[in-house]
Amino acid sequence: MIDHILTLLIFFPALAAMLGFVVTKDSMRAYGIAVAFIEFVLSLWLWYAYDPMISGMQFMESMPLIPAFGINYLLGVDGISLFIIILSTFFTLIGIASLTETRRLKDLIITLLFLEMTMVGVFAALDAIVFYVFWELSLVPMLYIIGAWGGPLRIYASIKFFLYTFTGSLVMLVGMLFMAYFYYQATGQWSFSILEWYRLILPENFQLWLFAAFFLGFAIKVPMFPFHTWLPYAHGQAPTIGSVILAAILLKMGTYAFVRFSLPLFPDASVFFMFPIAIIAIIMIIYTAMVAYAQEDIKQVVAYSSVSHMGVIILGTFALNVEGVSGSVFLMLAHGVVSGALFLLVGVIYDRRHTKMMSEFGGLASVMPRYATIFGIMMMASVGLPLTINFVGEFLCLLGFYKQSHMLTLTAGVAIIVGAIYMLSAYKKMFFGAVTNEKNKNLKDLNRTEYLGLIPLVIVAIWLGVYPKPVLEPINNSVESVIQLMHDKAQSPEAKARIPDLSGKNEIIPMQEAH
Amino acid sequence: MFEAIAFYLFAALTIVMFTITVMTSQALYAITAMAAGMIFISAFFFILGADFLGAIQIIVYTGAVMALYAFGMMFFDTTRDVVEKRTNPQIVFVLGILAAVMVVAIFVAPIVSNNIQALYPIQEGVGNSQAVGMVLFTKYLVPFELAAVMLLVAMIGGIILAGKKMDKSLTLMAEEEITTMDDSFEPQAGGH
Amino acid sequence: MELYLYIALFAPLVGSLYASLFGGSPKSQHVGIVASGLLFTSFVSSALLLSYVMGGHTVHVELMTWMETGDLYIPFGFVVDQVSVVMMMVVTIVSTVVHIYSIGYMDHDKGFNRFFSWLSAFVFSMMVLVMSDNFAGLFIGWEGVGLCSWGLIGFWYQKESATWAANEAFIMNRIADLGMLIGIFLIYWNTGSLQYDVVFSEIGNLPLVVTTWIGIFLFIGAMGKSAQFPLHTWLADAMEGPTPVSALIHAATMVTAGVYLVVRANPIYDLIPNVGIFIASLGAFVALFAASMALVNRDMKRIIAYSTLSQLGYMFVAAGLGAYWVALFHLMAHAFFKALLFLGAGNVMHAMHDELDPFKMGGLRKVMKGTFIMMTLASVALAGIYPFAGFFSKDLILEVGFVEHHYVIYTVLLLTAGLTAFYSFRLVALIFHGEERYKLFGIHPHEAYKFMLVAMSPLLLLAIIAGSFKMTYYQLVTSLLPDTQYHVHGEMTYWIMTIGTQLFVIAAIVFAYKKYSNWNSVPDGSSKLENSFGYKLLSNQYYIPKFYEEVFSKPYLELSRIAWKQFDLKIVDATVDSIANAIYKTGENTRDIQNGNLSTMLRWMVIGLVVLVSLALAFTVGYNAVGA
Amino acid sequence: MEITLTHYLVLSTILFAIGLIGVMRRKNLLMLFFATEILLNATNIAFAAISYYIGDLSGQMFAFFIIAIAASEVAIGLGLLIVWYKRTGKIDLDQMNSMRG
């Protein structure tokens, strides 16, 4: 069974979702939690069985789909994808467990389980076409979640979300086809396997074009400035569960794909585009932090803060050294946990007051002290306080990029200032001051269901902040092999210089022999 | 010399006839002019040594097609003119001529650059009909048979379409109409 | 000894967690007692460690790995050496006192348990800060104390001013933290490690320019925490927090973290004397600058806060001039008497029902004898009168300035010493002497609980006798810090200087007493002095907060609004939408092609034919042209 | 005066243009059919001429098949036309707009 655990992880939720149609409405919630829990346990088993010392792919499965074009059902995990898969199953569990939605609960849970399938599929796929299929499929459940359970502008928001990301992905698909074609030209065989692609050294000008094609698809998903405007709408209109999954997992697809595709496939192009992308990332960080500061709606603050943090992740990714890339992968997890928790927290107050405007609140700390405490912890994690999960990632990202550029890192570091500004001012508006609004006087503090969702997140946020090693170590090993691969493949002297050579450092098992 | 005179004469006649066909508002004039034009065209075929084609042209077009049109027209009220609102006739002319020039340019291109080769050269000492027959029943046998089947299909199609009970079109009817039609028409259909 | 180290470190954390368990429930006396007890345990462990360290040993432990990736390796490592043990002693003594004091001070507060939770958490962070054996660990504590400071300044979160001040403090500190972070990055990429011992042994091999930048960035971090100009405004506003907090965090411990950093990083600063001069100059400037603002202020706590700021300036002068042990010594002495001063002020505040204007007090010595004595003695110590603690430490700094030939700095510090004496005794005179002006406001002051006074007494004792530890202390820390003795050349000069300073200070005290001890009215802002330019300038803190407000805060908010409403919605998003709209409109417009009219369709067909054929022609011609 | 291929092609062009104009101009469906016949004949001339001038029978073959197609087209087309006329009583092109998009 362990040999096919990835297939199991992908299709178990889908199968369970199909069966979900025959489950009665009343027991649907319990059913959903049970399925998500089993899935989560399976993913933990994956972690348990995973050998952190091996940097390459593990639990690989392969089955030909269209042999003539080298399209295979190819799965595998390494340290980079392992934890994002666990994060996906974890958040699906948390999301379903803390679900407060009452409208068409059954449909919602079925949609969520399908979404879980696509998420795990994206992170486990090692074949570009399989990856692409899951990547696109993930849009559909999200479209339903926003479009069916969202706010008043839900149709606009969901269509914008769908078309925007879809457009980007199409360009990416063209890039993938070209990549496969180049592979065919070079070797005389068709292949869509990423691992096979890794072995291909492309001329630099090809790399630049392909990088750009992939970049568009990923950048919209991340979303990078100036492609970010779908996100506030999507978050603003999505129900709590939609925002949580969107922020925690779906955005990570973009940054994950950067690490999985762009870096190892196009090392020279990565170096070439390093500074332009870093500048975009810095604009993202500072600009969206400012926009977040100006928001009146607490959910929008969190939404824009997501964009800002994604900027740091991008920066870390394009540091192109082990510290930076490990940091960015770690920050993906960290941001998933923290922003997911923040969206859950916003959902809590929205359930009670049916508004998200900060001006409606004030003084909540005295009415809902426990809520305020957990919100405070998560806010501080988001701000990047040491010993919380975010700090580890942010520190490593900035540290890594500092190797490449002093000035840009200094500018990007403003993140820790502007991040504090919008978060603290939002917190002040919501929780501090006297209770002025009559409607807030008798709000109930957190209930059992909400604790169920939030407490694990708090624990994870602090645990991985204090002791990130169990996660950081496998990530580090896999990232090292990616960096080494990039160094070996790099052609231009600048790229050789920018990407560190680790071969002399320690024994690593290369992911694939280059050349 | 004779060839040139014949060419210009028939060219002028054909053009005039077809122009009448296109421009006149009287259906009767149009059909008559066209029939004449078709016969004049067959003259070109004779000039070009395609005797068989010329004969076919006269038989098929003037004999069959035109007769078909003539019969067809009997169904319609030819005296009543179709009101022809013309919008921007200039565009029509410009477009028509432009397209024609282009098509010809395409045709001419390979000849001008002289890189076309004769696949089935005309054999000396063999009559045109014989030559045509030889090519038609060797190289073009399959297309020829297909053309035959096509004609058969067309014939059957024409008969069925023009036949009775075809004044109802299922595609153009709403669903309820179809269901009600089944009830009312089936006994009658059985009676035939 | 490792056990004691862990006890000293984690006892406050346990206290904090224990208190937070009851965070939401109403006041429980046991929370305060347990937290104080645990801190006392921490103090005892620290004392044991001190005696151990005095024997010439150090304790160095590595608890576990924190971050490890690539070449980066950061453990949770702790070191108890001569420097950190001094800081540990200071922190645990003051915080134990403050904890016990707070049991009384926060007696009637709803957030009693929450208060202890935050306070103990602060002590834990501070312990991490001082005990850590690497820069990353220092940064953990650094941010941790910032967080606790935020929580404690904004402790009374219903008050708008308190939460505002809390956010201001946090954000200002963050600005400095960025500098610190960059300093850490520089250290890592140049030395390959963040461990103190590795860094300090490597630092000599680096190019001077790198070392200079490291020094500058680390000092920017120190400037924020220690509230040096221009990041000083938060400290005065931080007085919104409960008074014990001011005593512990904003006088004795956290604000001195910057000084500790410079002292700790002395191998770096030793290499870059130019930066040192800058630090010293800035310190001297801040000393005078802060003292001048304290002269006219009418808020008791703010006056003490400015005095803290001023004393931090002294410490930076010493540290900048390379006299690290002197800086640390003043840090220690200052912690005792300033905490005492604050706690005394807390008593007064309680007595006066949170009235802070000393002009509305007067004559309180009759009802608050204990507090009166303590505050007077603390002020004497602050002024630097022999044989109190302040004399030994402050005088030493003056000597350092003099010996190092920085006469401008020396003069500034000397002047500041006079000002310090003046405003301290202005405060004492206004509060405790003269007419009982509080009667006008119908307040009936009372002395604080006995045990609070008892709790304060160790600080009083230390404020008096700390100076006598000088030689022991000196021998202790100079095994780690540069051992430089500062002796004024010629005994004559030395005595003239010392006695002259003493006389100058005493004169300032006498002047303050004369002017204020018989004060009999509450100023209403109409007197000539109050309308003079100088007075307004000083009482408005040189208009710097206003300047920040107008130049940074408001434009930032405005710019953010513009970025959102004008740029994000109207340009970025509108561009996206307009692309979508353009496609939609094209669809609407070209819909006429499909109007079902065969004639039109035919026409379009011909157009299409023309276009296609001409394209084919063009390509053929083009291809032939190229081919030819 | 030699008659060359160009002459025939020019003639073919003229006839084709006439046919196209007819296609675009006519609203009467029957007339439209006439115009298509003209188009087909125009190409036939071109085919026959090319066949003659390069001495290849393929052109004639094509013309032959075109005639066959034209015949079928007329048969089917007229049949449809009659059906349409029976249903609507009109053979006006502008009235046929059930394909409106």
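Each chain gets a letter, A, B, C and D, in the order it is written, and its residues are counted from 1.
In the analysis below, contacts are C-beta pairs under 8 Å (C-beta built on N, C-alpha and C of every residue); 3 or more make two chains touch, one makes a residue touch a chain.
Computed from a predicted structure; not experimentally measured.
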item: Neighbouring chains shared between chain C and chain D, ordered by label; value: B
item: Most central chain, judged by mean C-alpha position against the global CA mean; value: A
item: Between chain D and chain B, distance of the C-alpha-averaged centres to the nearest whole Å; value: 5
item: Centroid spacing, where centroids are CA-atom means, of chain A and chain B in whole angstrom; value: 66
item: Chain A-chain C separation of Cα centroids, rounded to whole Å; value: 36
item: Geometric centre distance via CA averages, chain C-chain B, whole Å; value: 97
item: Per-residue multi-chain contacts in chain A, two or more chains; value: none
item: For chain D, residues contacting two or more additional chains; value: 20, 23-24, 27, 94, 98
item: Touching two or more other chains - residue numbers and ranges from chain C; value: 603, 606
item: Each pair of chains that touches, named by its two labels; value: A-C, B-C, B-D, C-D
item: Interface residues, chain A side, partner chain C - complex; value: 160, 163-164, 225-226, 228-230, 287, 290-291, 293-295, 321-323, 326-327, 363, 365-366, 369-370, 373, 380, 385-387, 391-392, 395-396, 398-400, 402-403, 406, 409-410, 413-414, 416-417, 420-421, 424-425, 428, 431-434, 466-469, 472-473, 475-476, 479-480, 505
item: Contact footprint of chain B on chain C as seen in their complex; value: 603, 606-607, 609-610, 613-614, 616-617, 620, 624
item: Of all residues in chain B, those that touch chain D in their complex; value: 1, 3-4, 7, 11, 14-15, 18-19, 21-22, 27, 30-31, 34, 37-38, 41, 44-45, 48-50, 52-53, 56-57, 60-61, 64-65, 68-69, 72-73, 75-76, 82-86, 89, 92-93, 95-97, 99-101, 103-104, 107-108, 111, 116, 118-122, 131-132, 135-136, 140, 143, 147, 150-151, 153-155, 157-162, 166-169, 172
item: Chain C-touching residues of chain D, taken from the complex the two chains share; value: 20, 23-24, 27, 93-94, 96-101
item: Partner chain D, residues of chain C touching it in the complex; value: 591, 593-599, 602-603, 606
